[in-house]
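The first chain written gets the first letter, and so on, giving A, B, C and D; residue counts start at 1 in each chain.
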């Protein structure tokens, strides 16, 4: 059924009880182009006084494109533009609309996975607040005049040799990089300044020092057997988390052949996703980090018998010696990474990796990564120039300095003074709104392009829909201002022919090569040469750590990163993998610190650092360093004003934004440049209660695997944890309980089931968003989350046990268990939830009357109730809705369906082709996107299927097995590489 | 006339009434103009009812989200109120049916109003299962009717379906039972009334009752039969209501003790509600000689007994939980008493178990003001009993990750108030327009406790 | 009950009493004397009066029983048919024929059928329907009067003797009625 | 006779209620049942002529039925495959040819009023060539067969196993104007699915699931 064309204003007869999605006919936006692109389509129209159901119009093509069959979904390979990791995409297009992003299995880095941000980025395409045309001085203008004026001014600058600056983040696209260089060549002394909002400048500087080239090594976690992380959240937000997670999981797979399990120790000030997975986790204040690394370096140097002058060092902290041994024994198979922005620390890390012989093994410098290129020193320089008004022309692409950087107000004023300030922003962000010209770039799904995230890995981008607005690819803009009138397509092909095609040998003809490349989305070519000299240690001058009562740590959240996607309601409502809080940032304090300050969850605290003050609700975060207060970046964005009234409207509704009209508070003012790099940590001068409270919208309220002490304090056997030894030993088989009932329900055909590996799962929450996109799960807004009415079909339960350095964390994806003896089914009075012949627990929305009895009776509490009709007014945004899944109306229960729409599609296609469904043909949305490959879906009746094999693992257990509800989801016990 | 009082049994009706006197006394309140007190009470009840209507309107137009429920606590005020009212509804049938079968003639002075109360309570109760649905306009899907879905029937395994049948049956039978009892009295009113509206309406509804003894014979038989049917029915209804919880898998719900526990509780709460109302009625309507201190005393004893039964149930629950060795079960009950919602548990215990202990003393049983207070306490306590069972069991079940809390919204509270409004409006109208005492039955027991030597001499 | 024959006239002797004991006694005597008692009217169900009048016990319990059984049987069949036969649907892995789960509804339906049908039957046997015009000997019958009605059927009928009998049992008033 | 009246009223009443309960409720037309819907279409296209007389296969125009969930309404260019040449009723064109032969002149092109609508939609000039001046406006057909939005029907699954189009769409070959032949109710679907599990389709055994999520998800 292509229901997504019916209009909202239909009477709700029994037929139309689900609110309809989109009425393109009445929606002027890009209709012409759209009707051509979109296939067979139904435009709903009311017929006044019609006794029957309203008349629907069916408007076919005039000339149908040969290759498109209406109603069939097509997948196009592309590259994710959501961050600078450059993961591969397969874009699912239904009737001309991209409706879902999936990872591209042929992509050399992301290997078919995608993170939460990538999954969510499709919503950006249908964002109705995206700029639809260029702006001049804040008012709409045409491309011609904008081009005319800009070129005119540029010519003037060229004549009188004015300073032209191009500001951008790490640009993965060789084509664009080349284009920018060409553009700037025209201007004497023009400079291209690169900065990463989440900077790794220190790593590049360190390599400049030790290897003579400003490169970022390509970390190969899959090869590492001992991993020492120093405040590097490589599973969460650091550089290329999807790739790293995949590698990390590969290095810790007991089912793999041969079974391997790396050892991972993490030193960090706050609990990060990475820390939550570490086998050993040690809390270190940011100021101490350098010392710890130095100690380790000294120990390793001793083992290597090399001389290393690090000045006076006390006795090394206890856990370092055993670590040094492990690292030394795993020479060439170990990896030391640090997210520190202190160059000295990074130089020491390079020293460690060099001495351990990891370069060339677990760190690849021949094929360096381009995912971070930022140079904070240059950035600092540029800001200076701007302040002094020396810059005549500033082009800002892909970054938002006014928000990203400290004292943005000053920067804003400076940019306003720049004679020719041009922003390529897709939305009117903080920087764009102070730039004279805004020349909006396409959304990446609308444009041609390419990316080389790691040298030699070329990933291509192709448009999957006509531009929805009058936007223009930045390539075309830059070309146009050089007087070149070429399409992005031609420009990209030219550069491929010139610079990429020669780097490969298999294909002779460029055409066939490029066709294949575009089709596959990713090709490997010879890496570009970079002059790197062998490691040479440089003298490090160490200054004593500034010890303070409290230190400030500014960190990116897995969903929000630096706030570039703050406009995205899915990401705003995504519970943080660690704190489980949505729609806000907050000041994380360790339990001890909180007790000392006398604050509890939700107490607003005022903190002062670097002469700035910030007021945020406190959140008690176990496993955090007692002298650290951690605050997430990326909040308080201008674009979050749109969320003021999101969610259902009713008597007691509260708004999703704060008094200032934004979601959360911007922490970037607390950043600062120091020692040539942008620092994410600082001394916190003052912190205290304000006496006000602000209730946070968390999706989990009891965090401990044990019940409260005063109520018995016993452990709930929800998570099974094993040490590596126990896991290697073959565990006890979980026997099948006796059954009172006659075997009335044979499952002859397929019997769908799922296996979830808790060892692999990092809690990154990509599955949550993937499921939300695939199954049209509504966004409910902060207030509803506060009332614990979030709608996510799959949630990640996060349990703690222990505290401080001995804190252990478990992430558990929890979704409908499709129990064979489902308690929900028996209690439904109207047969709205019953069992299918292939073992699925079916929820039939249109039969549901909403007694909520099933949800009450669900031991896993995975059923979600539509408390309201969740708004679907934004007709453009509705285009992202999956046409194969009903949009649920108010008053009905919903839950995970094991992506039944995918099962049906596969089944019907197989039948049409006359084939059998192969194992792996059907992949649920959560499974498809999981970077760690923790989720496996399949047919439990097929002894050869992957899931059957996994379910035979000794680690397999069922949650609440003793209830004998016989879940179809088996969990694989959580294994940690430690002795207890 | 010389009357000799039996030394063995005190008469049920005081003041040596003659047959016609009884008629006079009972009908008096219907025939005189409503008092200011009545009007005050009625308007108050009506206002409460309107508040409820407004709340329900907002609910139906906006969604269940207007209640304080969440993903973990799917039922709270709605089902609490439902069970509460159903419980209230049990006293009527108990008094009229069970006491009838046990030949408890004292019931005759209270059974009429108790039955009326039953009907109104069941009406209030019936509202909640309806409005607690996400899509109440589809409530008719609960009924197994042939349909164009090939026929798709309903799930007879679901306790909610059992509930649906139990409640509707209970309501129908109670109504019929009540109406049967009403027939002769309607005739009485008909024959007293001057020609006009009252007479025509009563003569329409009394179906042409003429007091023929042949009719009386059948009538008595039917009354016995209905009583015989209603007795197991009343037990079954609350048993089934308890199965809504007992058949689930939620710790704190999934207990075999619930059925007897619920039935006892129902009688307990029903009795106290009857007593609350009777104490007011006998004063306001000057029926002290019909509803005597003796009646009150008997009912107090019943309340005391049931209170002990309920108290025993509370203890047994904890014992079974502790003895079961089931960690979830054990936790559910510890949490019930000491968890974040423990206060509601202790309100329940104080009101239901401790307060009624005063009824051990005959003197206190005679102190009507105190009795009134205690019965009100019991009603509050019984409401909280249901709240404790529904909410505290749900809000912390198996997975600690989905533990949550619950707080009612103004809408829910208004709905509860509204249900009381409905109940009292109906009851006040009943007091006004229908004999609150079964005239013919009272006449039947007038002789009880006195003997007359050979009629008039 | 007033069985009227429009064709031929009907003569009755009616006695009014004020007390339960009186009506019981007089009814017994009249019956012993072999007169045909047309009917007795009372404001409430006087115990023992049925024996005094020599009435058969009501047969309504039979109706109640049969309809109850019928209702239960029908419901059991219906539940089995819908859940296990017409459209068997796997509900929580429970057996197709979950007999125990059918018991509650069956019971309720049994009670419903039995109860309602008995009452309907009662209305039928005593010729009740809404708005029926009742035949009233005396409005006080529903208040405090007991009325004994004798039908003058044959020659043996002796009004004088009966009047005496009535007055012995403190009849407040005796009258003869002729209807046609 | 009063008692007789009462008895009759009761008997009739009970009888009626039983009829309501177990009589053919399906006979009543329920809301949402569009059986017999036969709207006027923008172009008076005749299935009788094309599918009946000329015996053009259903899948020639509704090609989607094999490959996609939607059978699809043919795009105008499909029509033009024939109507590039056939511009009016065959009789009229033959007559014109004869006249033209007599008068020794090339035959004039006759264009029927209905086909003119098609050409207008495509923005063609009188020689049936694209006229850039004219705006193209797709033909807005009135949709007849539609299921509620929570029911997912897939043509592939049915055409694939050889279910006749007529089974659901009725005797299209006799319909001058398209009409909804069946009521497309859930019962109608389910009963067919039940039957074919016993009888099979066109001799071949099939398994047609009657799980809820065959159609509802």
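Criterion: a contact is a pair of C-beta atoms (placed from the backbone, for glycine too) under 8 Å apart; a residue touches a chain by one contact, two chains touch by 3 or more.
Just so we're clear, the structure is a prediction, and the values are computed from it rather than from any experiment.
J.: Return the chain label for which the distance between chain Cα mean and whole-protein Cα mean is smallest.
T.: Per-chain C-alpha centroids compared to the overall one single out A.
J.: Using the touch rule from the top, work out which pair, A-C or B-C, shares more C-beta pairs.
T.: B-C
J.: Can you work out the whole-Å distance between the CA centroids of chain A and chain C?
T.: 81
J.: Could you grab the centroid distance between chain B and chain C? Build each centroid from C-alpha atoms only and quote it in angstrom.
T.: Chain centres of chain B and chain C, defined by C-alpha means, are spaced 30 Å apart.
J.: Round to the nearest whole Å and give the separation of the Cα centres of chain C and chain D.
T.: That gives a centre separation of 65 Å.
J.: Measuring from the mean C-alpha position of chain A to the mean C-alpha position of chain D, what distance in angstrom results?
T.: 47
J.: Can you list the chain C residues in contact with two or more other chains?
T.: 87, 91-92, 94, 123, 127, 129, 132
J.: Provide the list of chain A residues touching at least two other chains, using ranges where the numbers run on.
T.: Counting only residues that touch two or more other chains, chain A contributes 823, 826, 828, 831, 834, 836-837, 847.
J.: Quick check on chain B: which residues sit in contact with 2+ other chains?
T.: Those would be 150-155, 157, 161.
J.: Give every residue of chain C touching chain B within the complex, in rising order.
T.: 1-2, 18-22, 39-47, 49-50, 53, 55, 57-58, 60-61, 64, 68, 78-79, 82-83, 86-87, 91-92, 94, 98, 101-102, 104-105, 107-109, 111-112, 114-116, 118-119, 122-123, 125-136, 139-144, 169-170
J.: Provide the residue numbers of chain A that touch chain C in the complex, in ascending order.
T.: The contact residues of chain A facing chain C are 741-742, 744-745, 819-826, 828, 831, 834-837, 966.
J.: Using the touch definition up top, name the residues of chain C that touch chain A in the complex.
T.: Answer in residue numbers: 89-96.
J.: Which stretch or stretches of chain B touch chain A in the complex?
T.: So the residues of chain B touching chain A come out as 58, 62-66, 68-72, 74-75, 129, 132-136, 138-139, 141-142, 152-155, 157-161, 164, 244, 247-250, 327, 330-331, 334-335, 338-339, 394, 396-405, 409-411.
J.: Which part of chain A faces chain D closely enough to touch in the complex?
T.: Within the complex, chain A contacts chain D at residues 1-3, 6, 13-18, 20, 35, 40, 42-43, 52-53, 55-64, 69-72, 834, 836-838, 840, 842, 844-847, 884-886, 897, 900-901, 904, 908-909, 911-912.
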